[in-house]
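The same chain A turns up in both complexes below, where it pairs with chain B and then with chain C.
Right after this comes the complex of A and B.
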């Protein structure tokens, strides 16, 4: 167990500080061609004509491809997205054509000669407009074409890609029990994942039809399945490779560029093609974070207990649905935050607009609905005359309570939010709601928000692990998990080291994923890798231990129960002098007399999610994910009343981590999430003009947090083990982001005496709402 | 066909203590030549617009964004990339010790800024350190880890040779 609580360095540390770490675009392949995309300059338009003849005339051009060359519809849930636009573009930045050439310069030159004639159509940029009578319908075929997709409920003839509802208790009786009420509308614009590595992919096809794709994906096994499905290729013919990934945050779980690289290679006889995507294209053309409009009505009785909630979420998924219907489901199933609300009426809609389409983003929509819900919580606390932290303590979900989808909470499946709230109070020296004057024009304030999250994976998602040995007795751990910064490979190595009672230096991991060599791991998303792959690793370790014991029992001519395994050896418990080293036994044992005993040790472990269910369409009853992680966050800042600027001082998170595997790594993962939350809350958004053209497509106009703008980050941990997870750990890779925008919004609303209902929280925004006199 | 052309020229660059030849177009970026012709892929194309700093290298001792330098401009200058540090800079060890990276994509760029700061201004205070490090973006860490790594190095004496 000694490996468990230790701070260990990432296994890939020295590769990452010496330039040895290789990412997708760091490899060159001989004979490689280059592809560039031509994208739509319009938010919504009919494609009247595409003339590629001038582009073809450039020497060195190998192919010019348009949508009609590969009229295939793609999409992980609803197949609503063409590989390249056909007849109509639905967002600015949508790929319209693809040029393949000998080099990038030639591809660019040819691309700029493609002539496309568009007829602009009315643009919808707000889900409220998308649902109005007479709004243009972006996908007339949805609801007709794929009527039997499970758990997705599109409404034909509308812009609704899916909808979910939660009905519990008696909502009218609930309102009667309420003494205090709030009703608020919120709007959050879209933003981007902005992983430092731009998304890219390359593909080649051998003469006998084998497809090789190398990509920056978080979901190599999903790439394989989707390409197989869309192009009717046996999945075994496809190999997908993923080297180290330079940050994903959910944005690399969507399958898009791989499809373009594949059709590019198809069109040039299978030659290797590298698809070059610029940062600007990555921001406009590849999927971004959702936008959200919501209406929240909350009521509490005279003791401050919430009795009723009516919540509507309109998730703006942009032009195509991708994974967004599942995010709408996730918002419905967790949309109350970690509070027990007996009477609940919640609708969640996934709505098409002409924004860049959205995909999963760190925390799968939880960062967005939490902003809305927790702002309303603060308003209701004020109205009830109760300290906001105390108000959250009163309503915190506890063992025995039901979640919105009627799962009964236990310490194992939900952790201990009450303990988190109590701990954060001390850690942050909670000062209450009154701003503290520190200079004539400056006040210091705190804002608080709770967080919770469960994943919404397919009910049958799988993972696996395999273990082999080296001649020195060290282990190789083989999983299908992608290393994109969350430290999964190191965590899994640590779990294996603990199981084997071995130093982690004796565990080797491979960073590249190859879908033929690695056991399938659903996707490296949803903070589930530790739980899913970790369980598979534990099983593989047990398999290995059993095999070693079997061989050693024969060698020592003893019973297996008499044996102990630790520190790379197997020995007889009562006689530790009688031992065999791993290196002498894991390839099969050769006895002193030359006799061979046993066979090489090979470990295998598999894992499949169990007990999850599809939500009931009427009531929402069901179990969407294996467990919840809960926590609470506080932001402290100094606000200047003269110009509405503010400086962040501290950001705190107390989270129930289940168990400590690598304490420093946990804190850093949470702090990284908090930093992303502060960026999101304070400055990040995709700014579109009224024609749906992105106005902030570069890092000069889309601003991220730089050093010197950040607060000090402090993380506190509560440990309530999750019984079915390896050593009791909980998911937490995404969670640092979730409550930060709300905590900042709550702090600034108090500081500026305004009611923040949007993001980002810029001084301009704070000033403008202060002028409207609302509070 | 054999032709002398004005489109391309032969240049010699001093990279990591080695003189290397490259045939380049005048508009080729130093970043692309380092990556595509010399295989030095430590410098990363995060934006190719001078905004993110993940392509930072050291030129004549100073950190420079290699996406903002033409390869032909680099002739006659001393270029150091992350590969040239070869694990010997105290900044590299500090980044490992203080977990100053997660995905690692921005790391080479940050390391080059930090290494240059340590070489040029080993007495830098916090404000000056912030000034230098503001040129680069990290999306994964909270920056606290990078700060701590750099601070730990600034406390040591530079061993300039």
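Right after this comes the complex of A and C.
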């Protein structure tokens, strides 16, 4: 166990800090062609004509590809998205054509010569408009074309890509029991992931038809399956390579550029093609974070206990559905936050608009619905006359309570939110709701939000681990997990070191993923890698330990039970002088008399999620994910009452991590999440004009949080082990972001005496709602 | 990367620069004078401009000069923001340059580039509008000298082929009391929601604005109000903000109403500070 609680450096750190680490676009290949995309300048339009003849006339151009060359529909859940737009564009930035040329300059010159004639159509940028009668239907074929997709419920003839509902208790009776009520509408605009490494992909096809794709993906195995499916290639013909990934945040789990790289290579006889995507294209054309509209009605009885909730989420997934229906499901199944609400009526819609399409973003929609729900919680606490932290304690979900999808909570599956709330009170020196005056125009104020998250993976998601040995007796750990900065590979090595009772320096990890060599890992998403791959690693370790014991028992001519394994050796418990080093045994043992015993040790471990179910369509009953991680966050800020500016001082998170692994790495991961949450809450958004044209397509205009604007980050941990997880360690990597926007909204609402119902919380926004005399 | 081929020239004299420019213009190469390049590089990369040639002015002695000559401070167009700041020769100008971009870019962006570029804020113009600065152009007909306030009307007014060569500032203004406040939407480093520069001359304050409207400006009418010291700062600020509406800029950084709201506070703050000068 001691290996677990230790602070260890990430395995890839030295390569990264010396600049030696190589990412997808760092590898040169001789004879490689370059591809660039032409994108739509319209939010919604008919493509009347595309003339590529001038583009073809440029020397060095190898291919000019348009949608009709590959009339295939793509999409991980609903196949609604063409590789390149066909007849119609549905968002500004949508790829319309692809030019492949000897070099980038030629590709661009040719790209600018492609003539596209558009006929603009009415643009929808708000789910409310998308659902109005007479609204243009963006995907008339949805609900007809793929009617048998499981767990997705598109409504034909509308812009609804999917719909989920939760029905529990007696909602009318619930309202009768309520003394206090709030009803609020919220709106969150879309934003982007902005991983430091811009997304890209490469492809080549060998003479015998083998497809090789190299990509910045969090989901190499999904790339393989999707390409196989769309283009009807046997999956075994496809190899997908993923080197280190420079940040993903969910934005690299979607399969898009790989498809473009593949068709580019197909069109030039399989030659290697590098798809170049600029930062601006990455922002505008590749999928972003969802936008959300919601209506929340909450009621509490005279003791402050929530009795009823009616919640509607309208998730704006943009032009194509990608993984968004699952996010809508996740909002339905977790959309109450970590509170027990006996009477619940919740609808969650996934709605098409002409925004850039959305994909998973750190915490899979939890950061968005949590903002809405926790703002309403603060309003209801005020109305009930109860301190907001106390109000959350009263309603915190506890063992025995049911989640919205009627899973019974246990300490193992949900952790201990009450302990988190108690701990944060001390850590943050909770001051209550009254702003403290520090200068004539300045007040200091705190805001709180709880958080919880469960994953919504496919019920049959898998992972695997393989272990081999080196001549020095050290181990190689091989998994299908992508290393994208979240320290997964190091965590898994630490779990293996603990299982083997070995120093972590003796565990080598394989960074790059090659789908031919690495065991399948569903996707490196959902904070599930530690749980899924961790379990596979434990199993592989058990496999290795058993094989070593078998060989050693033969060598020592003893029973396996008599043997102990630690510190890179196997020895007889009662006679530690009788030992064998790993290096002498893991390739099979050669006895002093020359006899060979056993065989090389090769470890394998497989893991498949168990016990999950799809949700009942009527009531939402079911088990969507293996467990919940709960926590609470507080931000403290100084607010200038006169000009509505503010400065963050502190940000706190107390979270139930199950058990501790690499404590400093956990704190940093959570701090990173808080920083991302502050950026999202205070400044980040994709601003569109009425025609659906992005107004902030560059980092000059799209603002991120910078060094010098950050508060101090403080992290507290509660440990309630999750029994089915390796060493009890809970899923914990996305979570730091979830409650921060709400905590900031709660603090600023108090400071400015307004009711924040949107993001981002800019000084201008605060000023403008104060002018309307809200709150 | 910049996906276009372009020619690069580095003339040694102003005359060479202008001759090169005229020739390239005749060859339809859409030439640009090149100082620090920060704007040319990013706009070319984005495909917003397609210069066929750039003429780097950083080896022209007249454009690199930065010294006091007689009773004037002479600043070449290719002097960087960082040099201006570090020299402390004209503290107001140095303060303005300190608030433009980040350190890396301050070491690249030049005075001439900031004044003549496409980005509308041109914040370096404010101190020059206030200090009776003169501007020296070099064109096909040689040197042309103009008052900065005449030459800068919403933007630099230049004849075809002319190069902004130098700015001259009379020494009497260099050490005058000054104030500068820059407000951004949310960030430490960003274009201004508005910036206000003020310079004290004998007995009254001169004031110039950037970011408030579509172009930097100085208004004598506004100065007249602001210098009415018998009125309270807030009264004066309100009078001024009533003069601006309609012209206040409205963009994704801030609506015109918000700019006017900020203007009032910022002006009031500035006038409070004047009391201490």
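Basically, the second predicted complex is superposed on the first by the 775 of 775 C-alpha atoms of A that agree within 3 Å, B and C clash if a C-alpha of one lies under 4 Å from a C-alpha of the other, contacts with A are read in each partner's own complex, and residues count from 1 in each chain.
In this section, a residue touches a chain if its C-beta (ideal position, glycine included) is under 8 Å from a C-beta of that chain, and two chains touch if they have at least 3 such contacts.
Predicted, not measured: the structure shown is a model, and the values here were computed from it.
By the touch criterion defined above, A:668 reaches chain B but does not reach chain C. Of the two partner chains, neither chain B nor chain C is touched by A:334. Of the two partner chains placed by superposition, A:757 touches none, neither chain B nor chain C. Legend: residue contacts after superposition of the two complexes on their common chain; A:368 is shown touching neither chain B nor chain C.
Once the two complexes are overlaid on the shared chain, A:485 sits against chain B while remaining clear of chain C. Of the two partner chains, chain C is the only one touched by A:108; chain B is not. Set against each other, chain B and chain C touch different numbers of residues in chain A, with B touching more. By the touch criterion defined above, A:22 reaches chain B but does not reach chain C.
Contacts of A:698 after superposition on the shared chain: both chain B and chain C are touched. Of the two partner chains placed by the overlay, only chain C lies in contact with A:642; chain B stays clear of it. Chain A residues in contact with chain B (one complex) as well as with chain C (other complex) are 105, 278, 698, 700, 706, 708. Of all residues in chain B, only 25, 35-36, 40-49, 51-52, 54, 81-83, 85-87, 92-93, 95-97, 99, 101-108, 111, 130, 133-134, 136-147 touch chain A in the complex they form.
If you check the complex, the residues on chain A that touch chain C are 104-105, 108-109, 112, 278, 280, 642-643, 682-683, 687, 695-696, 698, 700-701, 703, 706, 708-709, 762-764, 767-768. Interface residues of chain A facing chain B in the complex, by the touch rule stated above, are 9-10, 12-19, 21-23, 25-26, 28, 105, 194-198, 244-249, 278-279, 484-487, 664-665, 668-669, 671-672, 674-676, 698-700, 704-708, 710, 712-713.
Looking at the complex, you find that chain C touches chain A at residues 1, 3-5, 42, 45-47, 185-190, 252, 254-255, 257-258, 261-262, 265.
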